[in-house]
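Here you go, one structure.
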Amino acid sequence: MLKKIITSLCTLCILFTVASGVLAAEPIKIGALLAVTGPPSFLGDPERNTAVMLETQINNAGGINGRTLKVIIYDTQGDATKAVQAANRLIKDDNVSAIIGPSTTGETMAVIPIVEAAGVPLISCAAGIKITEPTKKWVFKTAQNDSLAVERIYDHLKKRNINKIAILTVSDGFGSSGREQLKLKAESFGITIVSDEIYGPKDTDMTAQIVKIRGSKAQALICWGTNPGPATIARNAKQLGLTMPLYMSHGVSSKKFIELAGDASEGIILPSGRVIVAHMLPKSDKQKKSLLAYVNNYKKHYNVGGDHFGGHAWDAVMLLKGAIERGGDAPDAIRKELENTRNFRGIGGIFNFSPQDHAGLTKDAFVLVTIKNGNWTLVK
Amino acid sequence: MDLSEDILQYILSGLSTGAIYAVIGLGFAIIYNSTSIINFAQGEFVMLGGMLTLFFHVTLFLSLPFSIFLAVLVATAVGALFERLAISPLKNADPLILVIITIGGSILIRGIAMLLWGKDTYVLPMFSGDEPIVLWGATLMPQNFWIFGITLIIIVANRLFFHHSIIGKAMRACSFNRVASSLVGINVKHTVLFSFAISSALGAAAGIIIAPLTMTSYDVGIMLGLKGFCAAIIGGMSGGIGTVAGGLIVGVLESLGAGLISSGYKDAIAFIILLLILFLRPQGLFVKGDTERV
Amino acid sequence: MKQELLKFFLFTALIGIAPVFIGKGYLINVFVFVGIYTILAVALNLLLGLAGQISLGQAAFFGLGAYISGVLTATHAVNPWLSMVIAVVTVGIIAFILGFPILKLKGHYLAMATLGMGIIVYIIFNETVDITGGPSGLSGIPHLSLGGIIFNSDLKNYYLVWFFAVTIILLSVNLAASRIGRALRAIHDSEVAARIMGVNARLLKVQIFSISGVISALAGSLYAHTVTFISPTSFGFNVSIELLTMVIIGGLGSIYGSFLGAAILTLLPEFFRTFQDYDIIVYGLTLIVITMFMPGGLVRGVPLLFRSLFKKEPMPQSNEKRG
Amino acid sequence: MLRIESITKIFGGLKALDEVSFTISAGEITGIIGPNGAGKTTLFNIVTGIYSPTSGKVFYEGKDITGFPPEKLAGLSMVRTFQGIELFGRMTVLENVMVGLHTKSRSGIIASAFKLPGHVREERRIRERASSWLEFAGLADLANTEAANLPFGKGRLLEIARAMAIEPHIILMDEPAAGLNSRETSDLADLIKKIKESGITVALVEHDMDLVMEICDRIVVLNLGHKLAEGSPREIQEDEKVITAYLGED
């Protein structure tokens, strides 16, 4: 009796599986490891929103090669341990064809051994230069290298004949990577760092650091951090009457920064992806179309304009989409097609991957913007 | 800019941050004295103060003073509710168990706040303008003076309440001896509820006065709570001036450490000095020494 | 005694065959972490459950073990096993020296001092970028290997980590039942009476603090060599708090309880992933509910719950004694 | 046996003990009595190393032990009991006594964790010795009860059994009869006499005058931190200073 029931159940199951396979092709599964909560949620949250938005859009437009796209998102909370666990789950249980994320460099470095061993392509949304240098077989990234942003700022400083600077960086992955690049590139631009200060991601008052910088011989201050720290710094600088020009990183290239810093943000200069100044770009700009589409769509879904960080996820998903359209969803095919991607007009820049270059961007990926009357303006 | 002006700036900035730590620390001490619990959810009330004010003022367009009033009221209610639902049902549990419950409560409150208001950082308008005020070469914002003033009022009110009102005296009696207090007719249960309500109100007040300067988001509570905890410990978990002094010491040490020694190790410097203080005066800085050796 | 041994063999057998049921999916990887956290929770339990000394800075020893092992192998190409030994010994010495001033303190002062210790060590990991790689972490740590077997798969790591975890559990159970264990529990209940009985409370507390550090460092070293990447966030204040929660949820003083606590706190988030943004709320709520209804910890709470469910006895008041 | 030499103890300006000196002779039961606040418990705390004296010295078996920590005194075979009994509540009755044998055993952490053969043998020996002490105190049938669940009187006996386990030369008891009913008190008196018979010096602080007069060989009277009188029970009962200061009040 029992045997009978089991046999019939099994038959049913098999029938069901076969039937569903006939009715609709297996969805294409890609995984996403994003710091949706936790300290780096300023990265993971817009990235998640973007991925979800694109999933709907792509499926509404008929999917990829007629198959639906399924994005499986796990929150890593910015914690390397959790990222490792989630990566394992994506690869072993969810059998994804490719992974986007993680959001931070640390988490990315933690999951690289796993994807390399499993042979699953990973498109990181983090900026750390060591993610793709040296080039790893399965690892790509969409976020611009910090060094590119640093070079943009140093170029500008040189134009203004400034050669003594102070840096004030946040003590997390973002800040320490920026600090490293700022120190590394200074010499080649003939710049000396006369004051090297640090603040904590949850600090509420940075007057002490700024007073110290005020007393140094610095001619300009470069602050490397993400909201809300730099906004506090801008306000503290104004309070203390700091007169030297203030530069920030692309970490604050969102409207939120202007809102938080208020008047104190006037005149601050920072490198940014083109996304925040999309509508100001000349018609000839090759990225303009993608940028405007992304910004407007994001606004429609989430009531705020798409930002720089969400753009990393946009690029990652769309790069995958292109690769899968060309070569199918086998991990190895995706990897090969990613490496063959040329001239992809994304949000972060124009990507040209190759077997030697898995980052794919140049200094052009950044533009320099300044804040005037509470709005972004391109620095010529 | 000479060094003495810089140092004055460090000290004034430090005092302002320290005043916040002091108010948060008072909240820790009040709950600790009535229940022996280290309330790890204390920081979340700081967050609630800022976020609720913002919600009432920016989202519901209420006037700032009224928003502040409502925010303190709601935060106090949340604190009282937390005590009723999670603390008071466990009458005789080990304090450690209750500590874990407060950890759970802190995660829960933070989670709800995140769901309600998202993960963004917000800024509350300054109470009275943002023109810096110069003081012997150091500059402060008008908000700093609000912080000093309100902290002072809180300290005085706290003192008056615990030394001159019947409920306050009863609460102090409970902290000395629970059994004896219940024998003389003090309702111990109510004093625990009161202590949670008062601490929540204090935390919320701290969160509100600091939000215009430092901005606020769903996760500001963790670090501020930790610093407030330090303040209370240095003050020997006293519900009074010791904790206030503890807060100011932590604030000034941080600021001087960042300015004069190393900003990267600023927190470490503050904690190393704290540890030294603890090693040299294991009873806290402001409690009279006892000769007991065991 | 016999019963204790039987329990241990049963537990070990269960751990040994568990992979058959867990399968080869990601869950086996999660159980590698359960093993690591079990070791950490047992270490804290020796200090907190036995001797009654709280520590809010256990993650410091965990991190020191991981970083010493990681830096020695990744940067200086030292043999992983040797580096593990160096890490464990070094942390033991550090904990022993720190223990003297720290364990002079009691109650919330002790909590504060250990918390401070944890934060200072965390800042050092963050700031000594040249050595530790700073906030972006340290990668390229090799796997452990033994006689040609490289521990580079989840299953191999599972057996590696659990070999250590089971050993630590056995040693801890032995210790708890011994003369030293009794002396520690005596200190917990009444330090003054323990001293009158000739227990050198001061020294013994420092020793158990140091041992707790040694075991945590071992877990750290295992973590470094299984994940092959470390960054400061894995050793922050929240990790110390999580360990405390594991010990208390499992049951103070109960070595197997620490395993339960570690397993639940590591597995819960995995199950809650499906809740997406709500997971943090569900997690907080679960924590409150478990502690509220089983204040003696799961090892005592679950049997009580079963008894009351099946024998229709009323649930006993939640203020039952811990034992 | 124990010589107390001009001990003074000041707590925050208040003199709890003022130049107190007396001697406890070996093999005797010495009672220390006096009204509340006389400084009796403070004196015990100083002798047993819980407080250090402001000035003065304590000699034990001819050796200056002033300021020795309690654990060191245990090694020198001095032990005490407490006024509000200090048991290890979450341990069984047997385990409580086994802690009393701490100084009689040596296994370290390593030996204990790895269950080395020496440790296993030692454990067995400790367990047997502890059981025999329980028998001595009449608690054998309660061996596996958790100490916190003992009735008060039994707890008192356990505390004495635990103290006896360290095989003391001198045992100091702080109000052993407090909280006991008359039956329990008379059992206690027998037990203390039994202890004396086995050659152990006993010092006790006590309020129960009948008990003190019955079992003590010598009595020291303290009042407001001063030594008021010293002598045999009979001498004390007839001392007028004592009667006015102490017995008269009662």
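As written, the chain order gives the labels A, B, C and D, with residue 1 at the start of each chain.
To be clear about the criterion, a contact is a pair of C-beta atoms (placed from the backbone, for glycine too) under 8 Å apart; a residue touches a chain by one contact, two chains touch by 3 or more.
Values in this document were obtained by computation on a predicted structure and should not be read as measured data.
Participant: Show me the overlap between the contact partners of subunit B and those of subunit D.
Facilitator: C
Participant: Of all the other chains, whose mean CA position lies farthest from subunit D?
Facilitator: Chain centre farthest from subunit D's centre: A.
Participant: Grab the C-alpha centre of each chain and report whichever is closest to the global C-alpha centre.
Facilitator: C
Participant: Between B-C and A-B, name the chain pair that shares the greater number of C-beta pairs in contact.
Facilitator: More contacting C-beta pairs are found at B-C.
Participant: Where the centres are mean C-alpha positions, what is the separation of subunit A from subunit D, in Å?
Facilitator: Distance between chain centres: 72 Å.
Participant: Could you grab the centroid distance between subunit B and subunit C? Build each centroid from C-alpha atoms only and quote it in angstrom.
Facilitator: 31
Participant: Distance-wise, how many Å sit between the C-alpha centres of subunit A and subunit C, to the nearest whole number?
Facilitator: 35
Participant: Where in subunit A do residues touch at least two different other chains?
Facilitator: Subunit A, residues with two or more chain partners: 37, 171, 198.
Participant: For subunit B, jot down the residues that touch at least 2 other chains.
Facilitator: Answer for subunit B, listing residues that touch two or more other chains: 114, 264, 267, 294.
Participant: Name the residues of subunit C that each touch 2 or more other chains.
Facilitator: Correct list: 123, 126-127, 192, 195, 277, 280, 322.
Participant: Under the touch definition given earlier, write down the residues of subunit B that touch subunit C in their complex.
Facilitator: So the residues of subunit B touching subunit C come out as 32, 38, 40, 86, 89-94, 96-97, 99-101, 103-112, 114-115, 226, 229-230, 233, 237, 264-265, 267-268, 271-272, 274-275, 278-279, 282-284, 294.
Participant: Which of the residues in subunit A end up touching subunit B in this complex?
Facilitator: Residues of subunit A touching subunit B: 37, 39, 41-42, 45, 171, 197-200, 202, 204-205, 207-209, 211-212, 214-215, 227-228, 231-232, 235, 238-241, 256, 259-260, 262-263.
Participant: Note which residues of subunit A are touching subunit C in the complex, please.
Facilitator: 36-37, 73-75, 78-82, 84-86, 88-93, 105-106, 109-110, 112-113, 117, 128, 130, 171-173, 175-177, 180, 198
Participant: Please output the residues of subunit B touching subunit A within their complex, sorted ascending.
Facilitator: It comes out as residues 1, 3, 6, 9-10, 13-14, 16-17, 20, 114, 118-123, 130, 132, 139-141, 210, 213-215, 217, 219-220, 222-224, 254-256, 258-259, 262-264, 266-267.
Participant: Could you list, by residue number, the parts of subunit D that touch subunit C in their complex?
Facilitator: 48, 50, 69-71, 73-75, 79-80, 82, 86-91, 95, 98-100, 102-103, 105, 107-109, 112-115, 119, 122-123, 126, 146, 148, 162-163, 166
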